[in-house]
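These notes open a run of structures that come right after.
After this come two complexes, each holding chain A, first together with chain B and then together with chain C.
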Partner chain A sequence: MSDTVTFKIKRQNTAESSPYWENFVIPYIPNSNVISCLMDIQTKPENSKGEKVTPVVWESNCLEEVCGSCTMVINGKVHQACSALIDKLEKPITLEPMSKFPVIRDLIVDRSRMFEALKKVQAWVTADGYHDLGPGDRESQSIQEVAYKLSECMTCGCCVEACPQYTQKNNFLGAAAISQARLFNMHHTGKNITDERLDTLMQEGGISDCGNAQNCVEVCPKSIPLTESIAEIGRQVSGKILRNIFKA
Partner chain B sequence: MSRQRVIVVGGGLAGLAAAMKIAELGMSVLLVSFLPVKRSHSVCAQGGINGAVNIKGEGDSPDIHFYDTVKGGDFLANQPLCKDMCHHAPYIINLMDRLGVTFNRTPEGNLDFRRFGGTLYHRTAFAGATTGQQLLYALDEQVRHFEVQGIVEKMEWHEYLGAVLNNDGRCVGAVIHNLRTGEIMALKGDAVILATGGPGLVYGRSTNSMVCTGTATTSAYLQGAKYGNGEFIQIHPSAIPGRDKLRLMSESARGEGGRIWVPRKAGDSRSPKDIPEKERFYFLEERYPLYGNLVPRDVGAREIYDICVNEGLGVKGEMKVYLDLTHHTPEFLNRRLGGILEIYEKFTGVDPREEPMEIFPAVHYSMGGIWTDYTPTSDGLIDYQSPNNQMTSITGLYAAGEADYQYHGGNRLGANSLLSCIYTGLMMSPGVINYVKNLPEAAEDHPQKVFDDASRQWQERFSDINKMNGSENPYALHRELAEQMISNVLIVRENSKLEATLDKINEFESRWKNITCLDTTDWSNPVPSFINQLWNMIQLSKVITKGALMRDEFRGSHYKPEFDLKQPDDFQPETYLEFEKQKADGNLNESAFDQQHLAYMKRFAENNEKWLKTTIAEYKNGTSGSEGGPEISYEDVDTSLITPRPRKYN
Partner chain C sequence: MHSHFLLRRIHSLTGVVPVGLFLVYHLYLQLYLHYGAEIYNNEVNSFYDSPLATWALVIVVYIPLLFHSLLGVLLVFENKIQPSYTYFSHLLYWLQRISGIGVLLFIIAHVWNAKLGPWIAGTWGTHFEHLSSGFADPETGMLTKTVYLLGVLGAVFHFANGLNTFCMTWGIALTPTSQKRVRSFSILVFIILTASAFYALAAIW
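Entry: the complex of A and B
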């Protein structure tokens, strides 16, 4: 085992400036992950040429793969940096920001488009108020298990990074938002605005933009059945189109 | 009066609950967060949220929940607040269910409940093992809905630096730092709520997220707000070692039957599966037959420390014990604990369904925090209309969630944190609005100079930080601070070490001035912000360490062996109630008690007389030559509802 680890990091100083690659060589320490190595670089910010440089900038918070912050492209694959263990990665390790979002700086990107998508699909339950209105509806264990899986989505961006249809130039909502629409359409009161959600998903950027590449489900760190969600929303949209025809 | 609004700082459970409730009541909210609110630290909470819904027909009730909470906290919590929180817990769980949280279900379709530490009842509602994440998402969705309606405005990627105080010392806004552009500005707000979580990063690696520096609450302390019970830091018995952080292994693993053990033979090198049952030491089950693996966290952490350090029985001679779930089927485990088992497997490469987990204690939660006020009603609950609820000692500045000090006394029970966060956010909101509506003058109507002065002061501070050109690396200095705190202000505390730590912290404070600002660019640069956070962490570490040094007793998470009152093994807490009753009636019959018990009860009463008090830290500016620091005083605790008594869990 080598006593150092080399990182090739794609850096970018500002949103407008050009990216460049910089290498860092740090001591190998057992049980490291990408985040602990980035932290090591912070304590001694020198590139492989021995030049003092600014520490690499990244986004992270929980470090246990539940917040979604530290998503980046590691050795060409989109992944959370916290759960990317050094011992399991080929060396040298390359780190790049996600390509489907505007770069802010270094490994930080702006994922606000994903949160905007949650607004568009109205990913919420409409409540009468937050006072005591008694218990919610009963629910079967089997439905809870499906809903729970969908509700683990942390808006991390892996699914849309891997999606060939999602680009910085179009307005595809992406698998995460479509799956959230499915989650709320199956909730007892969330489904009260199913029609509004489907209206959005029938428009440009909606369900028809999915090219069925199925990359999303492959890369989802939470193993959310995203293609099932897309298929289910597809059925709901088709049903609505049919109903519209009969109404007309 | 001009248009008014409330600034909520922090987008975890407490901040989102407050934003949601205030928006519902019709007042505009400006929600400021260091990062997108959906990524807040509340997502790390795993096991569940407590509420005595009594689904299992065990006879559980809010009053028993209240008693367990107060006892778990070693009687240091103000009781009316705890009582009100526990009485509202079932409603809060129902509310979160209505808002779409995917709680686990019973076969009939009711909410399912499991056991947690410090109680004998099934009181913890849960959504797999990612309950905090699910609760946070439900509130995030509601707040997003208000955002679309224009009632809530979000400013993510902004860090709170300090309060704007007017000439009367009233808070009329917040100075915030745009973490993208570096711009520092003063925002106008008629009330400011700090819902900024805990300070785990003072200890470097903990179960806390990277944003949990305690900077915002420390800033309030440095501006004159009182800080309560700083020395009460919860050490969670079960975490997974890691170089970047210590990942939590939820108490729910034990709530679902997980068993803690070590090999009876020190240094046993066999694989755990090869160690036969009779050679395993289930030390919690043996020492605490009643609560077993579900003793409160302070007790569990101390026992693990004792087994590993004093008895030398840690797994492979290290500070680790086994947490064993392998007697359950993988199907059962996946349905009820899936999230945490996946985390363990991902980060260690070992499947906990097949092999016992190796876990150890880690810094987890701060019971202490910014001092806050409340107004009780005559029946021992809380007057929701009172503007005092959750107000700090700075008028108009509020605190909620882990940032405050009120609910957990000397030790928090598992699954009470999610409850206290949502509860404070909801409970305080009507009072905050009453406060705002009755102000003589809106923040908007204050002279601009008040805000310009505040932002200028912080701009100068950051300009100075940018010029720092010494030899210290701020991240390396942070690691040194953390090492001191981990070594000396953790599970077992000794005065000589605490004194030495205070000296060390003062040294770090001097060395902080010799930091070099590694990055002076003005775009998305976290370094100046971190240097400022580090200063605050140094200040807070003084509060924690000095509070610990001065509190010469053993209470909850604060354990000084030297002051252990040594409860006799056969002592029953009810005896103490009789003792107190006789004393109160003026006819104490000493001969009626076992003499050892009597002596212990006298020690206990005397100790409570002196130490059953809230620690208050107030920042005092340094005089020439010395830095500022905390001045410690003590405040009475409201114990009007449940008589304090010795804790016992076996």
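Entry: the complex of A and C
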């Protein structure tokens, strides 16, 4: 094992400036991850040519793969930097910001499009007041099992980064939002606005923009059955088409 | 309902119901190549010259096919190439698009060669002779054979894989297990149709 690790990082100074590649060589530490290596670079921001440069910036929070904020493209594949272990990665390690969102600086991107998508599909339970509504309905065990898995989504962006149909030019909502629509359509109170969610998903950028490449389910760090969610929303939408046709 | 959504759903439906089923019937007809010129010509003519055939072909095949092709061409160019994600389904996703374009070009050549050409030349009706002489041509025969082989292979793949994605799009196959079953079924369809089509072509090879 070599005693240094080389990082090839795609950097960008401002949202408008053009990106450039910079190499960094840091001492190898067993069991380190991409975040701890970025911290090492930050303590001594010197590129491989020995030039003093601005430290590489990134976003991170939980450091245990539940918040999703450190999502970036590592060796060409999207992953959380905190759970990307150096010992398991091919060297040199390339780091890039996600390509589907506008870059703010270096490895930080603006993922607000994902939040907007959640708002569009109304991924919440509607409550029309602050008064006590009493206890909710009991969920069956079988629904709980599905819903729990879906609720693990951290809106990290892996699914849409790997999706060939999700580009910066279109307005596809993406697998995460479709899956959340499914989650709230199966909730006792959430399903009150199922029709509104399906209406949104039947517009441009909705379910019909899925191209069945199925990369989303492959890269999801939480192993959420995203293609099942897409098929389930597809089924709900098919039902709605039939109901609309035969409705007076 | 939004037209964007509706057009894509119709695209998915037309690929399977009229166009896909026509492909199956079309490949079935070709098996008569093994019965010689007279029977083959009779079978093909009785289909194309039946009173309903022209209108049925326009409504059930030509219009849906044209719609499916035009929208399909537009859909091919609305995505991002991401070669680092080397998953089987992702490969199928691209093969579906590449085969779609290839099959469209093949169909244009095929309609010209097997339908419009003979019509203009006044040799319509002698399908067997037309096909076999095209295949036997010492100069262009090899090219024709290759184009037919690739065209048929592409069409069968596009249909079989389309069945697979159709079941996901319309929510017929929900769980990963049922999606696996549908994929196995579509692979079976691909094998059977390819075998049938190649066996038919072998009659005049």
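In the analysis below, the second predicted complex is superposed on the first by the 241 of 248 C-alpha atoms of A that agree within 3 Å, B and C clash if a C-alpha of one lies under 4 Å from a C-alpha of the other, contacts with A are read in each partner's own complex, and residues count from 1 in each chain.
Here is the rule we use: contacts are C-beta pairs under 8 Å (C-beta built on N, C-alpha and C of every residue); 3 or more make two chains touch, one makes a residue touch a chain.
In this text the structure is predicted, and so the values were computed from the model without any measurement.
**Student:** Look at where chain B and chain C land on chain A after superposing the complexes, then choose clash or fit.
**Tutor:** Overlaying the two complexes on chain A (C-alpha atoms) leaves chain C and chain B fitting together cleanly.
**Student:** Report the partner of chain A that touches more of its residues: chain B or chain C.
**Tutor:** When the residues of chain A touched by each partner are counted, B comes out ahead.
**Student:** Scan A:3 for contacts with chain B and chain C and give back first, second, both or neither.
**Tutor:** neither
**Student:** Output check: A:134 vs chain B and chain C. Expected answer is one of first, second, both, neither. What do you get?
**Tutor:** In the superposition, A:134 touches chain B alone.
**Student:** Which holds for A:145: it touches chain B only (first), chain C only (second), both, or neither?
**Tutor:** So A:145 only meets chain B here.
**Student:** After the superposition on A, what does A:167 contact: first (chain B), second (chain C), both or neither?
**Tutor:** In the superposed model, A:167 contacts chain C only, not chain B.
**Student:** By the touch definition at the top of the document, which applies to A:51: first (chain B), second (chain C), both, or neither?
**Tutor:** A:51: touches no partner chain.
**Student:** Let me test your reading of the model: by the given contact rule, A:90 touches which partner, first (chain B), second (chain C), both or neither?
**Tutor:** neither
**Student:** Between the C-alpha centres of chain B and chain C, what angle is opened at the C-alpha centre of chain A, expressed to the nearest 10°?
**Tutor:** Once the two structures are overlaid, it is 160 degrees.
**Student:** For A:66 in the superposed arrangement: first (chain B), second (chain C), both or neither?
**Tutor:** First partner only.
**Student:** Considering only the touch criterion stated at the top, classify A:108 as touching first (chain B), second (chain C), both, or neither.
**Tutor:** In the superposition, A:108 touches chain B alone.
**Student:** Rounded to the nearest angstrom, what is the minimum C-alpha distance from chain B to chain C in the superposition?
**Tutor:** Least C-alpha distance after superposition: 19 Å.
**Student:** Given the complex with chain B, which residues does chain A contribute to the contact?
**Tutor:** 13-15, 29, 31-33, 35-36, 39, 42-45, 54-55, 57, 59-69, 82-83, 85, 104-105, 108, 111-112, 115, 118-119, 122-127, 129-130, 132-136, 138-141, 144-145, 147-148, 151-152, 154-155, 183-184, 187, 189-190
**Student:** Where on chain C is chain A touching in the complex?
**Tutor:** For chain C paired with chain A, touching residues are 1-2, 4-5, 8-9, 75, 78-82, 84-85, 87, 89-90, 93, 164-165, 168-176, 179.
**Student:** Can you list the chain A residues touching chain C in their complex?
**Tutor:** Touching chain C: residues 76-77, 99, 162, 164-167, 170, 202-204, 206-215, 218-219, 225, 227-228, 230-238, 241, 244 of chain A.
**Student:** Chain A touches which residues of chain B in the complex?
**Tutor:** Residues 20-21, 24, 35-36, 38-41, 43-44, 91, 94-95, 97-111, 127-128, 130, 133-134, 137-138, 141-142, 144-145, 147-148, 180, 209-211, 241-245, 247-248, 335, 339, 343, 346-347, 349, 426, 473, 475-476, 479, 518-519, 521, 523-527.
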